[in-house]
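Chain nomenclature is as follows: A, B, C and D, assigned in order of appearance, with residue numbering initiated at 1 for each chain independently.
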């Protein structure tokens, strides 16, 4: 049976992709950020998962306002990256896992999640930056397979934090009911606090992010006290992306151990976080 | 549930909800087209002709011309599509962050670095 | 406040569009079908609703398998019809009601339905045929406003019958919480039993359809005993469309009176039904 | 929940699920393109060249050539997209219903009328 080993929460700021492309990891600006990934690389190297379920948001590459899904799941054999209009060089395509994709879609729709299925899908920096971050030594033939889970945080209304946590739980159940022996990891990306638009552009909230990270392993329901409008005020309208980390957390179930955590301001306009959680039962 | 309509305004922040979306659809559709290099080139070659294709309002056209992000947001632009417009002219998220918050790029970066010191 | 007056269930077979275009309503083949709409026309003429919420499925015009939503709701000022590839002449655009669309979307997402919002959307025969059927004397400037609610019955897995009934209930609540005084009608379209593909093409099931129609007003939960695979066997894979009538029924709430009903085989490959339900409280 | 995998087959029926979708994506994508009159004309002008653009399999290409709906379904075609292919050649849902159930068009229509008599 498939087994979910753990989850990683990580920011997906485009500037990171740039830093990796230009080998800036040891620069004073970047070093405090990349250092947080060392435990993640060790863990992924030790566990060698077969499939990654990558929860992220599209920023206007694959989806437009004419067809804006709340939750979209990829079911393609391969996912292509493409020009987003402001300079990042598109990466090579990423291999998918269609049978597990379809199992997820079937299980989630049966559990009454209203999924948009995508049999062909472009993946933007929200997806490619975490892939480059977690698997820096990319060897195409030995590459991990990925399943994109794309969440609407572009057109309000976004899904509620509660809905995200429950989706995560349903994903966890779906993985456990998949018959093939596969080791799976789940990534929840985006955030943490930041604001790109409005007079308040550049806003961050260290205290709120810190409490979010503190509570994530043992008390994820803590975030549910806030509706998305309140989250926008506390963490910036783009900081609301932290609800995607709840999808990752929900999938891991009740018994979770925090293995590492890092937090650093600033990466571009963003308060960047990373957390590594292992499923213990 | 209508509670969302009673939301208190957030200082310096415009939430991109249905009301804003209704205003800005054509503007956002035009900016979404800038994913394509060919379209970006066509826009740079003749902005007015390109805007004509999308039937944006005169106010939106003027704000596009002046690359005024705050104004574009008020007229219904969504930041992720607007970023493709400004990105075409070499302005990244920090450049437009500085513009919107009314400071120089150096001040904007310094403010963020200071938030990192705490 | 907005008020839901009633609901209409109706088939949306393309051949009907053709019959209307060519004025075949009095032909022996068509008369037993169109006669069923006379009470509907009288009721709509008397009630003159302001907005119709039209639940239907796209058949490969607006949506493809690359972005296949479970539930999609239109939020456009206008909806265009277009060439579907086999001869129906496209109709003039239909005016929408964006403020009510957004109210629906906001309310439903808050109620944890994972909606795909569509700010620009082509509507196919599944939508245009019911419009032509219910409002045969189309005067553009006096036209009813419409909101499309498009359901996936193209790519399995389809939403469950239970999910559809709950979506309907949530739509009903959303209408009742809309502050503007609007009279609203909801249409649930598609079905009834039919099969387009496979050796069993041409399959119908009068007994099952009759029981469905019998139970719809007073016992809609009757359909919930069947999963979609069972429905495909009983009513044909395209007969599963009857779950969209449950969305209509769910919106009407508990107190409903059946004003009229008609059933006729065949309209093309389909067992065609129509039902008129009035909300009594 | 994996119960869906234990579904009993339905006589004379192929459910278009993930397994079928995985087989037929390119074929369905090609048929979806037939919404456009321009594309239909291009296909009619040169079927092989048109099929080349979509990378359908040889078996799918052969079934397309022979307009064999049952075979196209087995190879992963979805009836709604296939209907645009057959529709291009003047075959409607009753024509292909007759073809799939192995009877003449008149017999197919008669069978449906008979179901109306009961």
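Methods note: a contact is a pair of C-beta atoms (placed from the backbone, for glycine too) under 8 Å apart; a residue touches a chain by one contact, two chains touch by 3 or more.
Remember, predicted model here, so these are calculated numbers, not experimental data.
Chain grouping by touching, computed with chain A excluded: one piece, all remaining chains connected.
Per-chain CA centroids place chain A at a distance of 25 Å from chain B.
Between chain B and chain C, the centres computed from C-alpha atoms are 38 Å apart. Averaged C-alpha coordinates give centres for chain A and chain C that are 37 Å from one another.
The multi-chain contact residues of chain B, meaning those touching 2 or more other chains, are 3-4, 17-18, 21, 25, 29. Among the residues of chain A, those touching two or more other chains are numbered 65-66, 105-106, 110, 119-120, 155, 157. Because contacts link the chains in a way that matches no line, ring, star or complete pattern, their graph is best described as other.
By the document's touch criterion, interfaces exist between A-B, A-C, A-D, B-C, C-D. Contacts from chain C toward chain B in the complex involve residues 75, 77, 98-99, 101-103, 105-107, 110-111, 119-120, 173, 177, 179. Of all the residues in chain A, the ones that touch chain C in their complex are 63, 65-72, 105-106, 109-110, 112-121, 155, 157-160, 162-163, 166. Listing the residues of chain D that touch chain C in their complex gives 3-4, 7-8, 10-18, 21, 25, 28-29, 31-32, 34-37, 40, 69-70, 73, 78-84, 86-88, 92-94, 96-98, 100-102, 108, 111-113, 115-116, 118. Looking at the complex, you find that chain B touches chain C at residues 1-4, 17-19, 21-22, 25, 29.
Here chain A touches chain B in the complex through residues 14, 59-61, 64-66, 82-87, 154-157, 195-204, 206, 227, 229, 232-233, 236-237, 264-266, 268-269, 271, going by the rule given at the top.
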